[in-house]
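Which chain is which? They are A, B, C and D, in the order written, and residues in each are numbered from 1.
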Amino acid sequence: MDFGFDAKTEELRERLLTFMDECVYPAEEAFEAQAAESGWASPPLLEDLKDEARRRGLWNLFLPGEHGAGLTNLQYAPLAEIMGRSPRIAPTATNCAAPDTGNMEVLSMFGDEWQRKEWLEPLLRGEIRSAFAMTEPDVASSDATNISLSIVRDGDEYVINGRKWFASGAMNPNCRILIVMGKTDPEAPSHRQQSMVLVPRDTPGMDIRRGMHVFGYTDGDHGGHAEIGFTDVRVPADHLIGEEGGGFAIAQARLGPGRIHHCMRLIGMAERAVELMCARALSRSTFGRPIAQQGVVQDWIAESRVRIEQLRLLVLKTAWLMDTVGNRGAHTEIQAIKIATPRDVEWIIDKAIQVHGAGGVSQDFPLAGLWAGARSLRLADGPDEVHKRSLAYRELKKHMGDRS
Amino acid sequence: MDFGFDAKTEELRERLLTFMDECVYPAEEAFEAQAAESGWASPPLLEDLKDEARRRGLWNLFLPGEHGAGLTNLQYAPLAEIMGRSPRIAPTATNCAAPDTGNMEVLSMFGDEWQRKEWLEPLLRGEIRSAFAMTEPDVASSDATNISLSIVRDGDEYVINGRKWFASGAMNPNCRILIVMGKTDPEAPSHRQQSMVLVPRDTPGMDIRRGMHVFGYTDGDHGGHAEIGFTDVRVPADHLIGEEGGGFAIAQARLGPGRIHHCMRLIGMAERAVELMCARALSRSTFGRPIAQQGVVQDWIAESRVRIEQLRLLVLKTAWLMDTVGNRGAHTEIQAIKIATPRDVEWIIDKAIQVHGAGGVSQDFPLAGLWAGARSLRLADGPDEVHKRSLAYRELKKHMGDRS
Amino acid sequence: MDFGFDAKTEELRERLLTFMDECVYPAEEAFEAQAAESGWASPPLLEDLKDEARRRGLWNLFLPGEHGAGLTNLQYAPLAEIMGRSPRIAPTATNCAAPDTGNMEVLSMFGDEWQRKEWLEPLLRGEIRSAFAMTEPDVASSDATNISLSIVRDGDEYVINGRKWFASGAMNPNCRILIVMGKTDPEAPSHRQQSMVLVPRDTPGMDIRRGMHVFGYTDGDHGGHAEIGFTDVRVPADHLIGEEGGGFAIAQARLGPGRIHHCMRLIGMAERAVELMCARALSRSTFGRPIAQQGVVQDWIAESRVRIEQLRLLVLKTAWLMDTVGNRGAHTEIQAIKIATPRDVEWIIDKAIQVHGAGGVSQDFPLAGLWAGARSLRLADGPDEVHKRSLAYRELKKHMGDRS
Amino acid sequence: MDFGFDAKTEELRERLLTFMDECVYPAEEAFEAQAAESGWASPPLLEDLKDEARRRGLWNLFLPGEHGAGLTNLQYAPLAEIMGRSPRIAPTATNCAAPDTGNMEVLSMFGDEWQRKEWLEPLLRGEIRSAFAMTEPDVASSDATNISLSIVRDGDEYVINGRKWFASGAMNPNCRILIVMGKTDPEAPSHRQQSMVLVPRDTPGMDIRRGMHVFGYTDGDHGGHAEIGFTDVRVPADHLIGEEGGGFAIAQARLGPGRIHHCMRLIGMAERAVELMCARALSRSTFGRPIAQQGVVQDWIAESRVRIEQLRLLVLKTAWLMDTVGNRGAHTEIQAIKIATPRDVEWIIDKAIQVHGAGGVSQDFPLAGLWAGARSLRLADGPDEVHKRSLAYRELKKHMGDRS
């Protein structure tokens, strides 16, 4: 047992921290100003940052194997944490932003040669963006069997009908391709009903209706969260990813690394919040002494530190398990990080907001935006409660033999 | 001891509930659509609703005494709760919306005849809006002695310099008057340093810079939350409310009823959230059964009901105390409702959001907006922690004699 | 709506507070010493206190109607709170201690003339004690249909077989009578299967095996919590209370007032804990200043006050509802107080313990004992979770019509 | 980074798990019976278990270096966890029970040859027991400068006067030696005022007055928690451990490993509680289905698993830090585990109790006893709040430079 990072990780951490200090944090103010103007497009300064990250060898770090940087989950995790400290800039600047990351993983693992050439390559080069359409407005999508968008084979094509929402990134004009999950065979066993198809954003019949808000945010700089109607949308049959009925398995494969990334970024967000909380507490006074001397604020700071340390270790162990025994062997831990991380980070950011007073909820500090991000991750890919129930079943199963 | 409402209250509750059913809820969808277009102005349909409320005798219910409906705090409280069920429409429609309510109370209690004629009367008629400028960006404003905006007497005028923010309502073009709190005498005893002056919105030197956001929301339909710069702003000396050095006392007087109103509206918001939570839980299914049958969801619903009942009783008792022994005698309770209500209502709305899945954080349900409102009330007029500390001091004082 | 006590209540509160100050608190130390010696019997000094309470007209206050003091639930509730401040002495001293109170209520409401003469009268005079045997070790007793003790009519007798535990008071040698709940007809509709019978403590075949502990406490001064085996225990048929199949209804009738009493006593315990917490915080110093100046301790004190005020109002309203619309109409509130009170009071006592350091968990302060009492009330007459589920069903039912 | 145990640890874990299964769990029932009879002495069956553990090479595992098993903190930690699953038997059976462990560490590190021969050796052989007297009834002992027991050099002797309590183990008749902390020089710098002396249990003037209770438990099988009066107690000068003024430093050195041991045992207790909770939930039914199918119970089980995983990782990392950078470098983590572990384990055990109904608080299950142990560790060696404050100061210090 060894809690130190390996040399490669240490080196990349250093390099990335330097990039954050030299390029990312200094760009935050200008980013906000551009974001306020750029509608659904990415703020233009990101292009320079992407060039810079590429030059510094900080590119596609998330992607294992030959197409990416080839890091293990355990090596990438601490880098994702660092990116999370400026979550609207750093992931995009290093081409490590969701949902592109998950989509690149899918194409890398399940895409055929043509699909990889057509879509994976420009994504890897950071030339285009992509979206992932799974959640539906009309059903509780945490139960995959509820998915109702229909994908029907018709000759050499698939015909798609239905409605999706919260397809993050799809409002971005530079988004060129969507991975869409739907049902090809409602009669198949429940986990063989779904398939995934690639749908170019300009396909007729696909109506990108509006961006859903998250609290009051449109997340425009991130390409928003689109509601999309599909009316007789037709794509050639070779746009199917993997095989018919393979959608659920692909979704599961996509999910493990996604959780690690999300959770480590959240931890980075929490570290940022603690930093802001401490700085504010040291700089403001009430009733004659700095807020930092108030016991309740100290309690929040200590509590935040204790929680962060525990979260980080749990996510790192999960990454290690995925690397050593695979996603299936890490099932409990993958659920555990999803349960623990968003809610604890939300708690920490909430306290940082409280220390900031009215400013904390405003656009003058990143805290309210970070909070909204953490809060929505308590819902993204299934509310916590679904994961808790599933984790409890596995725990109970261990003890089934104990019954007399 | 009697927990029933009196006849007058029951009658007004009935009348108001009917107004909600017949006029307010049906207007919500159109209100959202207009609000999305109306910038910082009120959605136009409010004018019709105001006429209707006036016709139905549901006007200025908040105001005790001769200028208003003459209700006690205990009589008005349950009406404020009902308004809180549609908090962006009902309070404005009945001319019971903050910050106008507090401003009208101040003018009614402390304004001179000219001030009342000039500003109170059009406010009472619902012709103009007003704002209240107390919080400052540069200091922890929960400690009133930190207030740094300067108000200096110069001949027949007061000259104002400084900066305020979160002056709610001030972005509304129909806002005509601001009540501004500042320091007239930094050398006086700490609670005699502050004064309040009336500043017409078009006074030269007053720069209404921008609207502050609250978790991404601009609250445009409410007139936003303005940041305002004051540079040598001059108002005639008769724009002083009450006497020099009386600002702190006026703020305190304004605060008691304000708390009752805010807290009762929050309880109405919580009831709305529970309604939405139950309806959603009954209508969605996962894994073969309605969400309403899930134990954790039932736990949230029960917990919400238990908390709401307790909050309502505490606020009503506080109102009763204010009516019977005055604000000073109700000090502990006024702080207690401020501590308990926003955080518990926030908790309830959070759970309702969770039951709604991704929809819960979006613009398709009122929940995320309600949440942001409740969250920001944990900060408004001082973070909870300040009130807890003060309440604890009073509790400890009771036991000082016990020491040996 | 009126939050003041009526004159009768005020008078009795004064009288009882005086009794507490003059007789109860001064007896606490001697009580502990006697309790350490008296095994399962009541400490002898209680007899003097009972005489004194009787003399002062503070006797059987809990019992409405002709046999008792004739108070309403709302009048008695604040008196129960005061007794709760010294919960091992005051209720017994005033003949208002569970389970005798519930048993007297049952006999008063459902007992026939002979039963009342034989058992109710000596109980009312405080000459004997009694016990109530409902919970069973082998089943989840919160579901009454699980009750498995069998009561079979055989000629002029009932024959009882089965096992009970946590029959509070039954270890006391002065306990003369038990009310035992069991099944007379397992084939009847689920709420008509149970009956209650009176079983004198010396009936052959009834084996009072041992006292169950509560976090290490035997509660010996209270008569313990007995495990009892019933082997062919025979009682004459006239020992049946009410009618066969009426057991569930009697249990329900017994339960409403019992909740009020328990919850108000808990609130008294919480007040005692706050008092001790404040006194300790003022008298101990760490790192150069009194613990009372530590923000976290202040937070606990404020939080305790806020919670107590809410709990008290909720219990009082419940009492008022029971008085005005009956137990059935107060169903939601009766469950709500059971859910909210024990857990919040437990929280408060826990904080008082923490302020006391190691002493807090020891026999030198009443806190650990109070805590164990509050904790076990989260389980007594059904774990909180059962009540939450039931309350949620009723809440959901209100919204069933909303489904589309 | 590697989350697997090393080979030696794995081998010892296997061996210890076998010992638990073959010897410890089967002895639990008899242990309880003997403990109920044995007063302040250890239940006699422990001697056999000690022989067996010694034979199996499971002896003094806690002690690093030549005198013990020579394990690192990281190697011992998972063994302590396993022992914690039966915390009243396994630690004693393997001679790894507090406070002997800490005392042996102190003697091993700071004792001179004579002290080691006289006291360490019989302790290592498990022939005698020992106690540690630090906490005082009259002051908040979490602030070491408050310690008031006086140790005065008088010729060749030290004269001790004062009072201690919660000296765990000191009631045991086989306890032969106490390590006593007191002040030798009240004028020295605050952390050089204290010294530690060895006081044989039969020294005249030392009055072992009574055992303090923990909730209702005496912890008799553990030797209780003694209150001790010291009146002119004289020990030869060579009974001083280390040097005069070195008491605080010794206490600090004793504390790091003690925390690891306590916290890992707590985690073992939590695992035991989860096991019992699952078994009970599977075996009991209410309202027609096993408690295990209730959502709230599942939530508790999942939550317990998630918290345990996080706690274990944090404690293991702390052990690793102590091994690699020393106690000082692990300061934050040592505080963090003290803050997080007792309270989370307390929460888990509380939920297991709740699932057991009334049985959970009784002597029929180990849960109430485990709970009392966890609860008192929120106070032992300083209440959590002291550690949080200290941790917060260090966190704030990191950001002191950020102030502008």
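Everything below uses one rule, namely that a residue touches a chain if its C-beta (ideal position, glycine included) is under 8 Å from a C-beta of that chain, and two chains touch if they have at least 3 such contacts.
As the structure is a prediction and not an experimental result, all values here were calculated from the model.
Student: Out of curiosity, which chains are bumping into both subunit A and subunit B?
Tutor: Shared contacts of subunit A and subunit B: C, D.
Student: What's the chain with its C-alpha centre farthest out from subunit B?
Tutor: Using the mean of the C-alpha atoms as each chain's centre, the farthest one from subunit B is D.
Student: Taking the mean of the C-alpha atoms as each chain's centre, how many Å separate subunit C from subunit D?
Tutor: Computed value for the inter-centroid distance: 37 Å.
Student: Which whole number of Å gives the spacing of the CA centres of subunit A and subunit D?
Tutor: 42
Student: When the centre of a chain is set as the mean of its C-alpha atoms, what distance in Å lies between subunit B and subunit D?
Tutor: 52
Student: Going by the touch rule set out above, which residues of subunit C reach two or more other chains?
Tutor: Within subunit C, the residues that touch at least two other chains are 294-299, 385, 388.
Student: Show me the residue ranges of subunit C that touch subunit B in the complex, using the header's touch definition.
Tutor: Touching subunit B from subunit C are residues 1-6, 9, 74, 274-275, 278-279, 281-283, 292, 295, 297-299, 301-303, 305-306, 309-311, 313-314, 316-317, 320-321, 332-333, 336, 339-340, 385, 387-389, 391-393, 395-396, 398-400, 402-404.
Student: Spell out the residues on subunit A that touch subunit B in their complex, using ranges where they run on.
Tutor: Touch list, subunit A to subunit B: 135, 137, 139-143, 146, 165-166, 212-218, 284-287, 291, 294, 296-297, 353-354, 357-364, 368-369, 371-372, 375-376, 378-380, 383-386, 388.
Student: For subunit D, which residues count as touching subunit B in their complex?
Tutor: 294-299
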